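Sharing a structure, written as C-alpha cells. Questions coming.
First chain written, first letter: the chains are A, B, C and D, and each begins at residue 1.
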Amino acid sequence: MHDVLENVPEKTIKCLDKGFVRIVDVLPRLVPEDQKTADYAVAEMARVSYASGTKSVNDDIGLIKYLLRHFHTSPFEGIVLKFHFKLPIFCARQIIRHRTSSVNEASGRYSILKDEFFFPEFVHQQSKTNKQGGDELVPKDVSEEFVESLEKLSNEAYATYEKFLEQGFSREQARMMLPINIYTEWYWQCNLHNLFHFLALRCDAHTQYETRVFADAILKLITPIVPVCVEAWNDYHPMRNALKLTRLEVEALQKSLSGLKAVSLESSNKREQAEWMEKAKRLGMICE
Amino acid sequence: MHDVLENVPEKTIKCLDKGFVRIVDVLPRLVPEDQKTADYAVAEMARVSYASGTKSVNDDIGLIKYLLRHFHTSPFEGIVLKFHFKLPIFCARQIIRHRTSSVNEASGRYSILKDEFFFPEFVHQQSKTNKQGGDELVPKDVSEEFVESLEKLSNEAYATYEKFLEQGFSREQARMMLPINIYTEWYWQCNLHNLFHFLALRCDAHTQYETRVFADAILKLITPIVPVCVEAWNDYHPMRNALKLTRLEVEALQKSLSGLKAVSLESSNKREQAEWMEKAKRLGMICE
Amino acid sequence: MHDVLENVPEKTIKCLDKGFVRIVDVLPRLVPEDQKTADYAVAEMARVSYASGTKSVNDDIGLIKYLLRHFHTSPFEGIVLKFHFKLPIFCARQIIRHRTSSVNEASGRYSILKDEFFFPEFVHQQSKTNKQGGDELVPKDVSEEFVESLEKLSNEAYATYEKFLEQGFSREQARMMLPINIYTEWYWQCNLHNLFHFLALRCDAHTQYETRVFADAILKLITPIVPVCVEAWNDYHPMRNALKLTRLEVEALQKSLSGLKAVSLESSNKREQAEWMEKAKRLGMICE
Amino acid sequence: MHDVLENVPEKTIKCLDKGFVRIVDVLPRLVPEDQKTADYAVAEMARVSYASGTKSVNDDIGLIKYLLRHFHTSPFEGIVLKFHFKLPIFCARQIIRHRTSSVNEASGRYSILKDEFFFPEFVHQQSKTNKQGGDELVPKDVSEEFVESLEKLSNEAYATYEKFLEQGFSREQARMMLPINIYTEWYWQCNLHNLFHFLALRCDAHTQYETRVFADAILKLITPIVPVCVEAWNDYHPMRNALKLTRLEVEALQKSLSGLKAVSLESSNKREQAEWMEKAKRLGMICE
C-alpha cells in the first residue's frame, strides 16, 4: 500500500506573517501501489451505484470527470481531509461560516492567548466601485503608518490583557479587549465535495486576500493527493476555468453566432465532444 | 399583513395515478401588504450583511438576482417550505437521498399500509445509449401486459400481507413482501436554497419521470410564493436556462468567435450588462 | 387563524449593555384558533408516522412528551424560529459554532462598523479549580479599572479605524484593529430540535455569562410560542431538570438503595409511571 | 506507524441470510506505534481547544471520557469510518433516515438488480402492547408458511422483472414490481460522533431486529479501532448503560432516598467521584 501523504513534499505551508496550514491526515490514507493517489476512492464509491465492469486507472479518470460534470457529487464525500491552521481571528470568522467542516479551535476561555498578531505586508485602498475590498495598494509611507498603528494598538491591548490576567481576572473576560488580528489555531476537517465548494468561493478574487491565502494553501496541499479530481474541478467549475452564461447571455450569444460553424473540442473524450455539440447547437452554431 | 399561501390557487397537485403534493406551510407566512410575495424575506436577510439603504420592491428584485448570480446563498435559507406528499416508495427512496430536508414518513411498523399501488400510464423502453431510463414508449399492447402483471403481483402481495396480519404476524415483518410501487406518505420540509438544488436535479430530464412529476408539482406550488427567486433561478442555473461551458468548450468557442462583435444583453440592469461584456471579452469577441 | 407571534408580549429582549435578541418570525406562524400555540405542528408532523386517530390538544401534549422522552426528534424540526441579534463579536464567535443555524451577519467588508462596544457590568475572577470562567466577582474598584482600560482601548482602536477609513484604506483591512468586544448584528434561524440542543448547552452555567444572556433571551421568547415543547424539554433533558447517571453511578446507587421501596411518580401519565417502575427496578428498589 | 484496520480480525461480518457489513477504511488509518488504536485522534483534536500539557495514553483516556460525559462532541467528528453493506431495501430505508452519513447505493436504474431476497429465520408476532414489532415468535409451522409465501412472491416478482427486462422495458420501471425484501448494496460513511448517535438508536431493542443486526455488526467492527471511545459511550449514554431520570423521577427518588448515605463510585477518577457526589446531594443523600 502507498501512503498518499508522501505525495505532499511540504506538509506545512506558511501563510501571512505568522500563520500556516498543515495537512494532518486524509481518508483514504493508504491506496493500492498501482494507484499512488486518492482519486481511486471516488471511483470506487461511484462504482457501487453505476457500474462494475472495467476498473483501470484510465476508466477512473473518465468516470471522475463525468461525475463532476454532471453533479453526481456524493462519491466526492468519500475523500476526507484534515488540516491544522494558525490564522488571524478575522480570517477564522470568515472560514467558520462554511458549516460543513468539523472544527476544534483554541479556546481563549481555557488557555491564555499568545502574543501573536497579524501585521499586513500589503495594505489596500478601499475600492470605489466595489463594496468589498480594493486592489490598489496605498503608498508605502501611509502603509507603514497603518502597520505602526496596528502594532501599537495590538501591543497595548496585549499588555493590558496580560496585566489583568496577572491580577486574576477571568480569561474569558480579559480576552475581550484583544483585536481581531490576533492569531488563533484550529483543526479543520472537510470532505472533498464540500472542500471544492469552499475553495471555489475562497480561492476567488472576491475573497479578502488574507483569507484567500489559506484557501490557496489548501488547494496546493491537496493537488498531489487527488490530482484528477482537482483537474476536473478546475475544468468544470464556473468559478475556476469553466464559464456560466445566464439565459440572457445565451440569447445574446445566439444572435452573435447565428450561422457560425463550431470548432470541435481539443479532447479525445467522445462524451465530452457530444456534450459540446449539443451546446453549440443550442447556441445556434452549425454542426455537421 | 398578507397570507402568501393565498397566492397558491390550488394547494394540492395530483401526481401520478393516486399521489399528490400539498403545500402545508411557508416561512414567512405573513408578509407586508405592499409585498404580496415571500421574496422580500430573502432581501431582508441579505440586507443585514450587505447594505441598509433603499428598500423598494424593485431594489429587492435586483438584490435577489445579484445574490443568486454570485453564489450568496445563505439568504435563501431564510425561506422554509413544508409539503405533504403521497408517493410510491421507489420515488421516496430517490427523494430521501437529499439529506437537507426534514422528513416524517408513515411507518409500516406502526400502521398497516393501505392497499394503494402505483400503476404507470406511460411505460418506457430501456434506452440503448443511456444507462438510465428511456424516452421511447413501448407499444400499447405490451404496455397493457406490463400493467396487468404489475397489478397481479401487487394484489397478490397485498392479499398475502393482509392474511398474515390477520393471523397476528408483526407488521414490520409482514410488510417486507410488498413491492416498491406501494404508496407511502410523508411531511417534507426544506429551505429554498436546498430546494433549488433539489429542483435543479429532480426537474431535469435525467430524473425518472415518476419522481420528476413530484418535483414539477413543487415548482408549480412555490412559483406564486417566491416568483422573483424562481425567475432568477431559472435564468441563472445551468440546469435551467443558463449554460455552463467547460474549459475546453470555452477554448473551442473562443476560436469560433475570434473577431466577432458581441450583441448586448436584452436587460436594463447595468451590472448584468457589464458582467456579459466581461464574458464576451473572455470569449474573444470585440467589445467597444 | 391565530398569529402565534401575538403570544410574545415583548418581541425584543435587551441583552448586555447595548445588545438585543428580537424574534422575527416562526413556522408555523398561523395556527388554528383552538390551538393558540405552535406545539400542534410537532404533533401534526409526528402523526403522519405514528398514528392517525384522536387529535385533541391533550393527546398532543402526551404525544409531544413521548416523542421528546424517546429521542423521536424529527417532528421538532417542523418548527422553525428566526431571530435578529445584536451581540459582541466574542459571543458571536461562540454561537456560530452551532452549525445547524442559518446566519446572515453584518459584514465589515461591505459596511463601516458602528462605534458600539460591550463594557461589562460584572467582572469575574479566574476560577482556581475550573479552567473556564469564574463565579466570583472582582472588587468594585479593580472592576472599574478594568472597564476603564477596555473603554480606552476600544475608543483608541475605533478612532484609528475611522482615521484610516477617511484616508481611503480598505474597510476589510482597517477593521482588523478592532477588539472582539465590538457589537455586530445578524439574522439567525434554527429549527426547534437544533435550538433545544443549542439552549441546553448555552443556557448552562458553564457557558460564559455574556453568551448565556442571549440563550436565556431566546428561551424566554419561544416559551409562549411552544410552551408544551419547552416544558417537556425542561423535564427530560439532563442539562435541564432531568438527571443522567453514568454506569458507575447507577451501580453505586443500586448498592445504596437495595431493598428500598420506590415512591411513585407525581404524574397521571400511565406510560411515564411504567417507565419509572422499570428504572426503579433496575436500581434495585422493591416495586409492587 | 500502525495500521488500525489490523486491529479488526474479521473485516466482514455476515448479517441475516445473505447480507454483510464490511469495514472499508478509517480516518485515521495510521497511528503512532505506541498508540495502536484510533482513540488518540480524538484527544489530539480536543487538545487544540483545551490544553497542551501532558499527553500520555492514560491522559487521553481521561480526556476522552470527560469530553463524552460533558457533550464536547466535536473531537469525535475527527474519526471517520467507511463501510460496505449488503442489506434488504426495508433496512436501507430505515438507515438512510440518518442524514449525517455519506451514501452511494446500487442503482436499479443503471444496473439490473440481482435475484437475492431476504427470508427471515425468526418470524415474530405483532406485539399487543407495543405499536412496533413484537418479541414473541410465531409457531414453527406458520413461520414456515410465511417464508414459503415470501419466497413464492419474491420469485414470481423476479421472474416477471426479468421477463420484462428481456423484452426491453426500462430498468427503472421494471424494478417497481420488486418487493422490499430484495437486497441492495451501498458504501456508507459516517464520523464517530454521528455514528454513536446512530448506534444508540439502532442497537436498541426498539429497532426492528433485521436492522439492528447491521448496527450490531458495525459496533463490533469499530470496537477494536476505538475501544476507549466505545467504552466511554457505553458507560455514559442513557440508551446504553447510563440511566436518565426525568424531573419527576428525580423527585420520586429524592423522596425514597431522604437521609440515605451515598456509596462512593468504583472509580479512581476524582472528577467522576466529585460529579457523583454532586448528583447524590441533589438526590437528597447524605454525603460526607
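We adopt the following convention: a residue touches a chain if its C-beta (ideal position, glycine included) is under 8 Å from a C-beta of that chain, and two chains touch if they have at least 3 such contacts.
All values derive from a computational prediction rather than experimental measurement.
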B-C or C-D, whichever has more C-beta pairs in contact: C-D
Chain B and chain C, separation of their C-alpha mean positions in angstrom: 33
Chain centre separation in whole Å, for chain D relative to chain C (CA means): 29
Residues of chain A touching at least two other chains: 50-51, 74, 97, 103, 110, 131
Chain contact graph, described as a line, ring, star, complete graph or other shape: complete
Chain B contact footprint on chain C (complex, rising order): 3, 25-30, 41, 44-46, 48-52, 74-75, 77-78, 80, 82, 84, 102-107, 110-111, 185-187, 189, 191
Of all residues in chain B, those that touch chain A in their complex: 50-51, 69, 71, 74, 97, 131, 200-201, 234-236, 238-253, 255-257, 260-267, 272, 276, 279-280, 282-283, 285
List of chain D residues in touch with chain B within their complex: 88-90, 93, 96-97, 99-100, 103, 108-110, 118, 120, 123-127, 131-134, 138, 142, 146, 149-150, 153-154, 156-157, 160, 164-165, 167-173, 175-181, 208, 210
